[in-house]
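All chains are identified by letter, namely A, B, C, D and E, in their written order; residue positions are counted from 1 within each chain.
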Amino acid sequence: MNLLTVIVLLPLAGFVLNGLLGRKLGPTFVSVVGCGLPILAFLATLKAFSTLQLAGPDAALIEHAYRWAAVGERAFEIEFYFDRLSAVMTLIVTGVGSLIHVYSTGYMKGDAGYARYFAYLNLFLFFMLTLVLGRSLLVCFVGWEGVGLASYLLIGFWFEDPAKAAAGKKAFITNRVGDAGFLLGLFLLYWAVGTLNMDEINAAFMAPVAPAVSASLVGILLFIGATGKSAQIPLHVWLPDAMAGPTPVSALIHAATMVTAGVYLVARMHGIYEHAPEASQVVAVIGLMTAFFAATVALVQTDIKKVLAYSTVSQLGLMFVALGVGAYGVAVFHVYTHAFFKACLFLGAGSVIHALGGEQDIRRMGGLARRIPVTFVTFAVATAAIAGIPPLAGFFSKDEILWFAFASAQGGSPVLWALGSAAALMTSFYMFRLLWLTFLTPSRMSHEVEHHVHESPWSMTSVLVVLAVLSAVGGFVHLPEFLEPVLPLATAQESLEHLEHRLVYVAIAVAVAGFLAATWLYRGGLAKGDALAARFPRLHRLLGGKYFIDELYDAVLGRPLHWVSDRVFLRAGDRFLIDGTLDGLAATTRRVAGRLGRIETGQLQWYVAMAVLGIVGCLAWVWRHV
Amino acid sequence: MNWADVFEAMLPEHVLLAGLVLLLCLEIAKGRPRDGFVVTFLALIVAAAAALMLHTQGYAGTPFPGHYTVDPATSLAKFVVIALTLPVVLISRDDFADTRYYALLLSSLYGACLLVSSESLPTMFLGLEIMSLPVYALVLMAQLRADSAEAALKYLVMGGAATATFLMGVALLYGWSGQMTTGAFAYALASSDPLAVAGVALVVAALFLKAAIVPFHGWAPDAYEGASVPVTAFMATIIKAGVLFAALRLFAGMPVARPVADLLAVLPLVSMVWGNVAAIRQTSFRRMIAYSSIAHAGYLFYALLGAAPGRDQAVLFYVAVYGIMNVLALAMLPRGTDDVRNDRLESLQGLYHRHPYAAIAIAVAMLSLAGLPPLPGFVGKFLIFRNVLAAGYTTYAVLGLVASYLGIYFYLRVIQYMFMNAAPADVPANRTRRLAVAASLLCLAPALALAVFPGWLLDRF
Amino acid sequence: MSEPMLLNLLLWLPVAGIAALGFVAKGRDSLVRSVTFGCMLLQFVIAAVLYQRFDGLERGLQFATDVPWIASWGVSYRIGLDGLNVLLVALTAFLGPLLVMGAWTAVQKDVKLFHAMVLFIQFAMLGTFVAQDLFLFYVFWEAMLIPMFLIIGLWGGERRIYATLKFVLYTAFGSILMLAALIYLVLATQDGDGLTFDLRRLSGAGLPLAAQVWLLAAFALSFAIKVPMFPLHTWLPDAHVEAPTTGSVILAGVLLKMGTYGFMKLGFPLFPDAARAMMPVIMTLAVISIVYGACLALVQDDIKKIIAYSSISHLGYVMLGLASLDLIGIQGAILQMVSHGLVAGGLFLMVGMIYERTHSRAVADYGGLAKILPLFAVFFSLLTLASIGLPTTSGFAGEFMALLGAFNAAWPAHLAGNQVPLTLAVIAVSGVILGALYMLWLAQRILFGETRAPHAPLTDLNARETTILVAIVAAIFAIGLFPGDPLAKTELAAREFQQRVLGEAVLLGSETR
Amino acid sequence: MADLQVLLWLSFALFGIGLVGVMVRRNALVMLMCMELMLNAVILALVAFSLRTATLSGAVLVFLIFVVAAAEIAIAIPIVLMLSRQKRSLDVEGYDSLKG
Amino acid sequence: MSIDTVLLYFFGIAALAGGVLMLVAQHPMRVALALIAVMLSLAGVYAMLGVHAVAVFQVLIYVGAVMVFMVYVIMLLDVRDPSFVRRYSRLLLPGVALGALLVGALGLGMARLGGAPEPAAGAEAPSYLVRPFSQEFLQQYWLHFELTSVLLVAAVVAAIAVIRSGGRQDG
């Protein structure tokens, strides 16, 4: 049985069924199909996973679906590839995905676009599975673009609001910029290696005779694709805006799965990066910058989802730091833990928003701990996990990242470590700030809102609980070793190995420090924080305005493009130069026509004169040649 | 002189002459006006049949050696000329009731037939005169407008100048060669004797005058506009055809070398541009057709640049198609009492909604004249430019094609008026006349045949 | 029925349809529509059969007819299917019935003439594709002008006369020079057997390079105007905007492909040496078209204009793929032609549908249509996605392969050491971004946001319109997901094209490795 | 025997005078007479060449020209008469209602 | 120089003078008389050249028929017409210049002939007496003889048609 194909197609079936029939057959049908098929996919993945486990550590299941196209001797095959890396990703996608589908049945209850929502969500799963299961870059790219599409559709799910529709468009366009880089890399690889199968490409780069293309160039191009999808500087701008979508979507797409596609891609193509130190360095530096700057922005955000969004960006940055220093398995490890706690956080935030009837501003929350206890507890666990409090999941993965950032033989350096730790510190700080302001401080809610606060239905809370548990214990699965047959372990510089334990303590200290700082500042509510902001107004504005990157892009790219298109191309080029020339020629012809008409005066003598002129001309012409 | 030969070889001419005589008798006997039409029509049919018969029989002979020759090609040309007159006669009946009109038409046609067969310069001279003289009167006979006499005088004076120029050229050629055959001209093409080249130049200039090549074209727009519709049709087709066939006889298969080749290229090229451009701003349909015919005369003379067999083929095909289309367009024009107004292009506005058939027919004619495939005009254009290119005049060919491009606009403008513009408020309702429809069918059928099977005509060479 | 007859039937069916229309009494408009539709449908069925029976592995013409036409010049009525035209013939026949359906209620004026013209242009377009004789090709090529002139000029918008004259005069200029070059070519390549217009025998390969370059330039001018390539594109927006829906669909769906088909069938193979020499120029223009068209689409406020400029951009990919002279690129170009025909045709049909309801094409007049016209929004989104080349749609297949070809062309031997193609290909990829930018912006403005429309109560798509769009979307996805089948039909021809152009000179990247 | 050149010069001069007359004179009748003068010039040339080439055909053509000239006048005069009646003038410059 | 030559030159000069007179004479009647003078002079030239037949017909047909007709017409017409008063059209100067150019173009070309061309060798000078001339005409140019009749018929019909249609217009 073509298990992998089935895994991919199950959500697609959900999309088709919900899309075509959902509106007619009602929400129950939609829920059953929408949740059932992903769960089936998850079960199928488990089955495939067990098969894979039996096959041995470095085995891979390869399934040929069909031949997309063949040109000459070259064929573009649609093949699915299931090794341990894809297995982990698939499990995350189907597992967390299924949970979020279940959660959504509660969250989206009663929405007019219920069927549409589940259709989109299933479509997303389909493309995401295509992405992680695809053997060739082409299939991967199909999924890559497809998840962008699903993301676009879901961000703009409530399209009546122009801002939400615009956010969707922004996400898509920004992703497209990255996709262009991906495409370029893909083309280059195809030209150089002659195949798009990722395992073969890796093998080619591992081979003694490397392909005739700069691995760094290809690496950087693919990484551009990754920055788009994974919201890294400079293409991170879409992710915060993407919070316009329904919260489960943020959890699934913009936290747990899609945004980690970039990490997956780089990890998957590690064969290239291992031979591209420059590219790796770029990956690390960009990742670090993203981690740091996103964390600083998250410090001052007041929208609960925006905080989480920047936190996601920051965490993704850390993953790229890991990738950049060659710790591919560690990066995937963080993807894995991050999927749990960040999904839990988002869903918790969703639960809060649900409880508050749509309120997202943490300045108008507070004191929710007792009102919605399940949400609070799960949220707190996840917060602790992301902050890196041991022994929760986030601690393990983050600690390893920081260690390899410091000590990796493939580009680790104290600077990476220091700034990464600073980012971790800020993470801890803003997450606890969020926890305090939302749940623990005295209520700042309006009376009416407060009156309606209620705990979410079991379909939502149960998911929260599951995720919280996973966030708590997920770290004990030591993924890097498990992935070792696929993704080689990074090696630490021997001279630094003795520092490993000390750094663990530092990491714990950092997490605790963040917690303490947040407690100190926000335990009493907003006042202290606002006072601090007032003391550094410029800095606060800079961070609150997200470094004004959007405005910068608009001024540097958007407007000039528009200006050039409008003024130079349209007005000067098309209308003035081209059409102007042609219209001018036409007008000249008409004018000449008028002149010629005037030559025809009606005077017979003039006609004769013209004729005589002609005769003289004829004679003169032939005489010249006699 | 073999009388049987004379009879057979000149059968079409004889038939025309017989018709002419019969018409004169009718005129004298004061027969009913309609009889003139019937006699003419029958004479034309018989003459056309005779010409076709001579052609298909492959008859070749010289009833008057050195003066007059008949071969299949000339018979075919005669057939074309005579057959083209048929629709002209059909659309004449409503305008002209008297027999004199038909007598003049037949005599002019007789002249054109002479030109086609002429082998000596005097014959050609007489042919030209017999062809032209009646037309001066025909132009004037348009009773519908006051300007006809003016048009006739202009035509006459320019025609007279052309005659004198032609004769002067003939005199010089004669002085050079001592001969009066068309061969004298053809040989003179290769000579560099001053007499010969001057003679050639003058004869060519005279042909240009008759065919209205720029700058000899002054008379054409005025004459076309001033004449009545059938006469315009006759002038635009038969007269032009006659002149071109005369030119073919003169060049007689001789290759054209410089400087005469430049003469044959430059002025016609100027004509194409001039005619096509000047037509853009015209408001009178016939005047526009006149400018169009100036341009077309340019294409026709271009054909002479090419080598011999292709040249005949091109001219014959082009003349046939061009004539058919001109007659078709003029036949389907709305007609009424106010000729000046009916002649305005604006009166064509919205024609499609009033007379769809007429509009479509005119559109076909216009597109064919513009040389757009799949209409036969394209094949004609193709033939001509193929010859020019084959003769090695690439630049001239390209320029000529570009000049022909200039013409597309004003033909399309007519279509635009008929199909796309709304009719003016006070358009008189003109009934489509049955004879005009018959004439149009006489044009459309061969046009269709030539579009689908151009080879039928082309392979006859 | 014998196989060649089938192709002849396909070709001449519209003419029969016109003749049949002649017998329909005045005023019976729906009968006119039915007759035309029946004719088109039958044509589609025939085309489908032909497509099925077409054997991609067989060299040379299939379903060929060769009857002398003007024997003395070697002109024949010579038609046949080969790999280059089989897809385009199928596309044309596929769009035919949809055109008629699309115009079912939109055209109320001069219905008979309209349908006659649609049939006529269908005839001319099919003829251009199947013609295997240069003369015949030219005749059909030019014959397209007349019906298009009338379609735009009679049933078009306000500035229709300007637009239609611009279209015709632009196009005719190219054709005139092509005619000159065509005659020159035929005369220059004349051999002992006299003239021939047989496309299989004609080749300008023996001519000196300078002559070839001139001839190719003349042909290319004509084709480039039709494509249209920068800077000869300015007729297209005007023509599209003013044309009635049917006209736009014909233009975008098939007519523009004539240009690229011309390059593929005539321009490059006839003058291989010149083609190789001029390839950088052509590639540059293609890339400029991609970027320029996309940029201009960005600043338009008329829906049709946006799609019109997007056509310029999309056909740039076709030219890029062709100019790459790489097998994948060529195949991609062919696929992109078909894809663009479907996508742009579909988009124009949709614009027509909404225009029929509101009589406005201004983007600013619309908003939030997704709320009031959900079905419309779904299809519009799907077509938008296909237009921006989202994977699984046909747009992706074409664009992807064309670009991939361009990359492979970056290092073929005939341009050894030339970094220009690589640079160009990289620039071309930016079109992917710009394409998403303008199309999504368009979709966002009209589908999303506050509900806004010139007339408040709008009805969603009816069954007829839905059928049209379902057919188009199905085709788009069929090609996008399974391009292998069409590509298998064209591969041999694409390879022959490639070999003819490259000659003995070099073999390509994708072949040598 | 007179010098051929002299006769030719005379012929050309008369031909030119005729043409100039057509161009510069306003009176329609004068115009017609000038055209006759042109034909006379041609006749002179023909006669001269006939003598030079010692053939008769030139002279024969002369006779044909006589006939044609007469016929031309026979048509031209009525036309001019018509015009003079219509336009109340023989001034050719006034005959410009057709133009453009 | 023989008397013949003198007379020839005299007639030639007279013809030229008559031609010039045609250009400058104001009244059409004078122009007609000048034209008659030219024709007669030319007839003299022909006679001096020995081409008697042409000379005779020149006088008979041209002067006797054509010009008499012309003079009648001139007398018929109103003399107060502006064209009788103002001789020249606007194109006087350009016209004269063009005429001069034309004569120059024709004449200068002929001047390159370089002396009198030789008559065809061995050809005996034909007789231009009326009798051999008529024989030649009727044997060689029989066709043209007949054609002139067609021409004349056509011309007559045309003239009648013109006059008739004129009459109708007035009526």
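By our rule, contacts are C-beta pairs under 8 Å (C-beta built on N, C-alpha and C of every residue); 3 or more make two chains touch, one makes a residue touch a chain.
The structure displayed is predicted, hence computed values, not measured ones.
S.K.: How many steps does it take, at the fewest, to get from chain A to chain D if each step moves to a chain that touches the one before?
M.R.: 1
S.K.: To reach chain D from chain C by way of touching chains, what is the minimum number of steps?
M.R.: Graph distance in the chain contact network comes out at 2.
S.K.: Just by CA atoms, which chain is the most central one?
M.R.: Smallest centre-to-centre distance to the global C-alpha mean: chain C.
S.K.: Greatest Cα-centroid separation from chain E: which chain?
M.R.: Between chain E and every other chain, the largest centroid distance is to A.
S.K.: Taking each chain's centre as the mean of its CA atoms, which one is most distant from chain D?
M.R.: Relative to chain D, the chain whose C-alpha centre sits farthest away is A.
S.K.: Could you find the two chains linked by the most C-beta contact pairs?
M.R.: D-E
S.K.: List the centre-to-centre spacing of chain C and chain E in whole Å, with centres computed as mean CA coordinates.
M.R.: Here the centre of chain E sits 70 Å away from the centre of chain C.
S.K.: Report the inter-centroid distance (CA atoms only) between chain A and chain E in whole Å.
M.R.: Result: the chain centres lie 102 Å from each other.
S.K.: Calculate how many whole Å lie between the centre of chain A and the centre of chain B, each centre taken as the average of the chain's C-alpha atoms.
M.R.: It comes to 77 Å between the two C-alpha centres.
S.K.: Which whole number of Å gives the spacing of the CA centres of chain A and chain C?
M.R.: 36
S.K.: Multi-chain contacts only, two chains or more: what residues does chain C have there?
M.R.: As it turns out, chain C has residues touching two or more other chains at 169.
S.K.: Which chain D residues sit where two or more other chains touch them?
M.R.: Residues 15, 18-19, 22-24, 26, 28, 31-32, 48, 50, 52-55, 57, 60, 64, 68, 71-72, 75, 79-80, 82, 86, 92-93, 95-100.
S.K.: Going through chain B residue by residue, note those that touch at least 2 other chains and give them in order.
M.R.: 122, 126, 129, 133, 136-137, 140, 149, 152-154, 157, 161, 168, 175, 178, 194, 197-198, 221-222, 282, 409
S.K.: Pull out all the chain pairs that touch, please.
M.R.: A-B, A-C, A-D, A-E, B-C, B-D, B-E, D-E
S.K.: Can you name the residues of chain B that touch chain D in the complex?
M.R.: Per the stated touch rule, the residues are 121-122, 125-126, 129, 133, 136-137, 140, 146-147, 149-154, 156-157, 160-161, 163-164, 167-168, 170-172, 174-175, 177-180, 221-222, 225-226, 282-284, 287.
S.K.: Along chain D, where are the residues that touch chain B in the complex?
M.R.: Chain D residues touching chain B: 11, 15, 18-19, 22, 28, 31-32, 35, 38-39, 41-42, 45-46, 48-50, 52-55, 57-58, 60-61, 64-65, 68, 71-72, 75-76, 79-80, 82-83, 86-87, 92, 95-100.
S.K.: Which positions of chain D touch chain E when the two form their complex?
M.R.: 2-10, 12-21, 23-30, 32-34, 36-37, 40, 43-44, 47-48, 50-57, 59-60, 62-64, 66-75, 77-82, 84-86, 89-94
S.K.: Within the complex, which stretch of chain E touches chain A?
M.R.: 89-91, 94-95, 98-99, 101-102, 105-106, 108-109, 112
S.K.: Please name which positions on chain A make contact with chain C in the complex.
M.R.: Residues 66-72, 74, 138, 141-142, 145-146, 149, 152, 156, 159-162, 165-166, 168-169, 172-173, 176-177, 179-180, 183-184, 187-188, 190-191, 194, 561-562, 564-566, 569-570, 573-574, 577-579, 582, 586.
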